[in-house]
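Just so it is clear, A, B, C, D, E and F label the chains in written order, and each chain counts residues from 1 on its own.
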Amino acid sequence: MRKVYFNGEFVDEADAKISIYDSALMFGDMIFEMTRSFNKEQFKLREHIDRLYASAKYLQIGLEEQMSKEEMIEAVNKTIEINAPFFEADDEHRIMIDVTRGLLGLYEDVVGTRKGLNIIIADFPLRWTVASMGMLFDKGINAIIPSQRAIPASLIDPKVKNRSRIHYLMANIQVSGYEGDNNWALLLDTDNFVAEGTGDNFFIVKDGVVITPEPRNILRGISREYVFELCGQLGMEYREKNIDVYDVVNADEAFMTGTPFCILPVTSLAGDKIGTGKMGEITTKLLKTWSDNVGVDIIGQIKGWGSGSTGKDSGAPTPYAFKRK
Amino acid sequence: MRKVYFNGEFVDEADAKISIYDSALMFGDMIFEMTRSFNKEQFKLREHIDRLYASAKYLQIGLEEQMSKEEMIEAVNKTIEINAPFFEADDEHRIMIDVTRGLLGLYEDVVGTRKGLNIIIADFPLRWTVASMGMLFDKGINAIIPSQRAIPASLIDPKVKNRSRIHYLMANIQVSGYEGDNNWALLLDTDNFVAEGTGDNFFIVKDGVVITPEPRNILRGISREYVFELCGQLGMEYREKNIDVYDVVNADEAFMTGTPFCILPVTSLAGDKIGTGKMGEITTKLLKTWSDNVGVDIIGQIKGWGSGSTGKDSGAPTPYAFKRK
Amino acid sequence: MRKVYFNGEFVDEADAKISIYDSALMFGDMIFEMTRSFNKEQFKLREHIDRLYASAKYLQIGLEEQMSKEEMIEAVNKTIEINAPFFEADDEHRIMIDVTRGLLGLYEDVVGTRKGLNIIIADFPLRWTVASMGMLFDKGINAIIPSQRAIPASLIDPKVKNRSRIHYLMANIQVSGYEGDNNWALLLDTDNFVAEGTGDNFFIVKDGVVITPEPRNILRGISREYVFELCGQLGMEYREKNIDVYDVVNADEAFMTGTPFCILPVTSLAGDKIGTGKMGEITTKLLKTWSDNVGVDIIGQIKGWGSGSTGKDSGAPTPYAFKRK
Amino acid sequence: MRKVYFNGEFVDEADAKISIYDSALMFGDMIFEMTRSFNKEQFKLREHIDRLYASAKYLQIGLEEQMSKEEMIEAVNKTIEINAPFFEADDEHRIMIDVTRGLLGLYEDVVGTRKGLNIIIADFPLRWTVASMGMLFDKGINAIIPSQRAIPASLIDPKVKNRSRIHYLMANIQVSGYEGDNNWALLLDTDNFVAEGTGDNFFIVKDGVVITPEPRNILRGISREYVFELCGQLGMEYREKNIDVYDVVNADEAFMTGTPFCILPVTSLAGDKIGTGKMGEITTKLLKTWSDNVGVDIIGQIKGWGSGSTGKDSGAPTPYAFKRK
Amino acid sequence: MRKVYFNGEFVDEADAKISIYDSALMFGDMIFEMTRSFNKEQFKLREHIDRLYASAKYLQIGLEEQMSKEEMIEAVNKTIEINAPFFEADDEHRIMIDVTRGLLGLYEDVVGTRKGLNIIIADFPLRWTVASMGMLFDKGINAIIPSQRAIPASLIDPKVKNRSRIHYLMANIQVSGYEGDNNWALLLDTDNFVAEGTGDNFFIVKDGVVITPEPRNILRGISREYVFELCGQLGMEYREKNIDVYDVVNADEAFMTGTPFCILPVTSLAGDKIGTGKMGEITTKLLKTWSDNVGVDIIGQIKGWGSGSTGKDSGAPTPYAFKRK
Amino acid sequence: MRKVYFNGEFVDEADAKISIYDSALMFGDMIFEMTRSFNKEQFKLREHIDRLYASAKYLQIGLEEQMSKEEMIEAVNKTIEINAPFFEADDEHRIMIDVTRGLLGLYEDVVGTRKGLNIIIADFPLRWTVASMGMLFDKGINAIIPSQRAIPASLIDPKVKNRSRIHYLMANIQVSGYEGDNNWALLLDTDNFVAEGTGDNFFIVKDGVVITPEPRNILRGISREYVFELCGQLGMEYREKNIDVYDVVNADEAFMTGTPFCILPVTSLAGDKIGTGKMGEITTKLLKTWSDNVGVDIIGQIKGWGSGSTGKDSGAPTPYAFKRK
């Protein structure tokens, strides 16, 4: 069975659990990161770790005092090493790092468990996260703008990757009522600019320029930043600016980015075709270059996992969609 | 060791834990209730249960389908019964009910643990929650309005008692920088009306009328409702209306309500005396009547627990305050 | 063929048209009212006329100077009289009064048509408006909150019944993507309180009290006011107050009011059952009393028209819903 | 008499009318464009057509499916050709294209007129639109900021050129109470940034840079875009950015752009002189270059039409101003 | 020459001055009250003093510690007594109390003047304040809603009667551009509800009920409170509630209240007649009763002062209006 | 004794006073500028004068008509010349220019003092303003974000340097409750972006780029502009953009700018270290270059004044901080 790093020790995946008196469960007070490998090499691990420590600093969780970034990277690597035997040859490692402030002071002595932060590193086969997404490279996502708005940075900053995000789930629930199997939520912020999906960043392409929302009421995604790198590599112009729904409706192309799937095309907005209604040329080029850079055929890999699915329900609710019973 | 009800079974308190792949930890997707006993009788248990089910309905957690309200009450009673031996004669039972949607679909099979909701009932000695509060009946709370605003109902509804509430913790952290040991956060909502504390409701008294914010961007506290009952009993007028900071500054009295402590006086706002600067007459009368009704000297009990403290740090961070290191 | 009153003359319904240079088509600058008959008697005609003149006053259309309220009522009656032969015995008259400021000054001479206001009164068989709604008395409306918000009173006041309301159509379009055939839009205002439907008012019932939004960012519907009268008649308490989504989810009953259909039950919110999921007791009693008061079995009449449909598509887009092709 | 293209046929201008049951009159659901000629050549027709189709796409009016852009251009040209005989030698053609969704479904059969979109092209002598504006090149516009705010893009997007715009008329009415004959409304958006006039875009010039509001809560005017082209041609810097009232008060120059008049100087804000209080150097140069580019002395032409006025009231209300009786 | 109470001493009116280094001039940090006499008896002096001390408390100016309310009243009376000889028989005393925090600490020693608060009481003939208002009882105020909004309570609370109110002056300037001599500003708050004038409260009358804005973003005027008393005396219903522009347009009557003039009718909104366009019945009755209660014919007195004007320009800018040069 | 320029004459500093009936004290209607010398040469005087006249224009104070900019500069120079004898060799001149609209019209004749504007120029030893700040170059400012928000430009524009700013004082009062002696307020605007201090501008440094808020809801400080010049001189990149709290927490360096002290490091936010927690490299370089440019060791000079303090309380409340008693 896969093992989870838990405060310096390794426990069975099924035992990776948090006390009900932990600040994580009392206040939604947990920060996290999720990274993936290409050919079993973690991608942009350093950038994810940097963001994790920035989240900790914002919330005044004393992570730096407890464990240096180098130690964190070492722990991630150790976790992958220990889990390697449980991964198939064509698997990739999806690492999830969770950090909590630990038990509320009140419970520290009474409950009699350990004091201080909980630092957890889990290693999970990426295939399960993305198995159901293969068809989206062809069909594209149908973005739906729910009534639920993104929470602005001033209330709970989405730049701090944290778990107080039940509003993402509410958005997914609202979207689940729409007809079709390719609906993903696209949130507006409270200024009614396009913000992000429920765990992914959003881009449009217009007149050859790659455009994405200003990094204000959104997570500053590592994949999002990598698209900027790819644009640089390809000599494409990119811009961060406020995007209205009008801009999406009249875009030439649109796509989402996220760690597990890298890039997925968005081909319609509430059923209204964006551009040609297929994955666009620039989107295709970006994903192709990404694949080349990392030496993995990203689309092929994900589609392969889907077909090789061992009977799992490919429509199982992921963080990106909610499935009505 | 105290036992926790966990999906129909009883586990040791130290083992009451939630998987890192549970929706509770992935999305802050947990609802809860906290009740207390007077003379070992749970107070307003039915009202708490009703609110729990209303929270579940809002978030479309299928609690009703899983367990009826009657079964829930029974489970609470069973939990108290089993834990009775671990409580001292002068203890009261503080019940915490947590409900989560369970593992995200993605992890249900892979992680190999149970599917569906987690329903958890923990029984904890109330004394630890309130041990440090005895002095507040004399000194009063110094309410501090932090920069952090309450999250409005349209984004994450505070009427749904849920755990995506890291902003409460942020408010507590901001307040922790103020001089003094009796500072509690008092949040404004995004319309800049007084909302609530970080786990308690707020009242003022002006010209003999008991006034509390409209039940919009706040939790509709059971203790808050009980104050209305007490007003009825005592023939006092009460009103729900929008409260400005000006109204607080120029109030005659002010107080907070919360399940563990019932009523605590607020005697100043950022150091600026409210009324006489002592627990007011009407506040005193309300708490006195509450004590009489339930047959417990509420102030005496809490003060008693403080002095009888078994060496615990009485300033330990509770959900109501954050302690700087 | 039915005739339409047009500035004092009667024209064929098919010829009731407005110049493209009219302020109505240049600026959406048209006010209107819609009334219906019970047993061929117009209901609350005076109240509708009063509101029409209030709308005119707000927009500084000089209606009063052109035509007194008494003359307007007379013109309505004349229109009904002239159209009576074209109505079947079981028909009811649905009167629509439109008033526009007329041609923009620029076009008055050049286009060579008349100067000044256009006052139009059309008489249409109510049956076509409501033919498809019979099933909603049983099934109830599934209210959907779209991303589109109501326009606040400060920008275009909905209390002024006017035609600059393309946002209603946008809301209907957004809702049309949901699964099911009983979805109607329920708009939030920009404060995220429940406002109204796209041409109807919204009510909930909670603990025996009939509650409807404060008359701020909504049309102050005549049917809405009549529900207050009915409550008075039945000794029921009613209240105008801000309603959150939470209040709708946890209401005991809910309904919509509108001139053509009077009252329709709302039995779910985005698929989440409200109360029993059927037309509630109090809703039923209100509609029953309305029927008694006007001497028409309102439900029976509408259901009758549906079954007696002469081949019209019962799902044809009405002002209340948009039908995807 | 001039003819209007109406769904493929040509009707007399006085007969170009829309049914009262059309979506245009029921919901303000009409999109439009207005273009003008220079020396009888339509200016930027392609850009206007593109914007028309973008508006249609946003509102999900199936214009593209009904008529291609090329067919639309052909129809415009045909309309001009047919109307040529009715235009004097020094006239220019002002084309207005209106598109509506057609009758609401409910009325399609009952009223017995045609189904589907209405596509209308009217050709009108530009002179009447601008006859009263000649003096504004000398005197300049006195911009007045009314209490009425622009409707933000999230409610009714002004980038979609549509007729639900009674708020423009309200703004004009509010401004009509000011002393003077050169007052035009300048709207702030709900963020209190300068937005636009009621049918025109606004620019300031500061330290040699041409500045106009970000294209968010405004129509993205074709004349506005052409000013950018002119700046390029003249080697002037231009910028889209948020403009505060302070920036207007302390600007060096200001001007409005609009299809009929191209550029008009704004020489004061509520009577407070902007810059020298006369049409500025850069404004003059822009308009001069525009004139050169199109081979028409724009100021001379408009002034000429004013003096050659055939007795029309030169102060007749245009879309830009409202005249009190 | 009239004398001004200045920190316990009496100085000539022309010498009643504040250092440029006083907090009043550095921060607009001055609170004040204005009262008037009827038959030389100060009206509601106690209520004004209470409000002054509430303002001081809010701003943490230590007024209470410096001077008791009783001493303040005594000082007012002393000031009137000393000035009595300078007042004519038909004059009334208009008392203005100003309190400032005094010199900023930085300047206390360096500038070498006194430390601590400045408490100033000035006694001024009421006639000059109201001399130009006599005609308004006949003609009524034409209320104009400027673009300038009231500052909400959360930024600078208008309930604290203070001098940081340059926005009132800006509103008056904006209104001064309107045609006519009876224009007064009527401010909306940032929620676009009617707030108040620039130094006066606003009321409407509808269906016999006296209605005034909720006491949130307005000064809670003493005259406003007295209207409630008058309503009680006359058995009229009154209500505090949010008022939209629509409510004003369609009101039966409207009026302003203020200490110097008591009640003035508002007979139109931006030229659009309210009710009959004359001082309404209920307004008249309220003012009549006020006159009776205080034994002064309020209208007669003010009109008398106007006609007896000693050559002063009756249109001189008062705090309520700004006069363009 | 130092002399103050007062409408063309020179009066003793202690006699530089404003009538209580002046618009400055009735409405907070005073504009001002503060400049300082280096080696007794005023710095950027012209820029300050330009801004003063821009403020006057915005508020429609007819300053330009009264006194030209050249005359103003001359008056400043004359004031310095006259005061030179009262300044020590190591002193610098801190000039404060105040302009008020003068007595309200109502009081012009009655009070019998002069009509029209008051123009005042005071010359004060800079040392007193900054004497207590020397330690901040080492310790740095601990920025605290109070609940009080900056007033947005649409209500009272902070770009207009005026005295209606009691909210700055309120912010200072709120911050004064925090533990420590180096707390300065850092205001958010009502969009919750970082705005400014209470009399100073704010900068962060991130990845070598100097970043400061967009010049919207802030004073466009002359020192702020000079930092841009310094960046140019040093080949550093700088940017104006919206700054979130997150950006401050994770900045490399931060600093405040203000006329008296030029640049002060901000080393923590509410006790949470920014960067190294010491004055950063780039901050140091900027201040060093400033010192070099003006020929004054800015840090040394200020520290020197502190140690040479003649017994003044170095913690005396300045405009930047409020001291609790």
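The working rule: a residue touches a chain if its C-beta (ideal position, glycine included) is under 8 Å from a C-beta of that chain, and two chains touch if they have at least 3 such contacts.
Worth saying up front: this structure is predicted, and the values here are computed from it rather than measured.
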Given subunit D and subunit F, the chains that contact each of them: A, E
Selected pair, out of A-B, B-F or D-F, that shares over half of its residue contact pairs with A-C: B-F
Relative to subunit E, chain with the most remote C-alpha centre: A
Copy pair subunit B, subunit F: interface residue numbering same or different (half cut): same
Distance-maximising chain from subunit D - centres being C-alpha averages: B
Separation of subunit C from subunit D, taking each centre as the mean of its C-alpha atoms, in whole Å: 33
Subunit A and subunit E: spacing of chain centres that average the CA atoms, whole Å: 59
Distance between chain centroids, defined by C-alpha means - subunit C, subunit E (Å): 45
Contacts with 2+ other chains: residues of subunit C: 60, 154, 188
Interchain contacts, given as pairs of chains that touch: A-B, A-C, A-D, A-F, B-C, B-E, B-F, C-D, C-E, D-E, D-F, E-F
Touching residues (chain side subunit D, partner subunit E) in the complex: 144-147, 173-174, 177-179, 188, 270-271, 324
Complex contacts: residues of subunit B adjacent to subunit E: 188, 192, 242, 244-246, 249-250, 272
Subunit A-facing residues of subunit D, complex: 54, 57-58, 60, 152-154, 157, 159-160, 214, 216
In the complex, subunit A residues that touch subunit B: 4, 13-14, 16-21, 23-30, 59-60, 62, 96, 98, 104-113, 120, 122, 124-125, 128-129, 148-149, 151, 154-156, 162-170, 173, 190, 312-313, 316-319, 323, 325
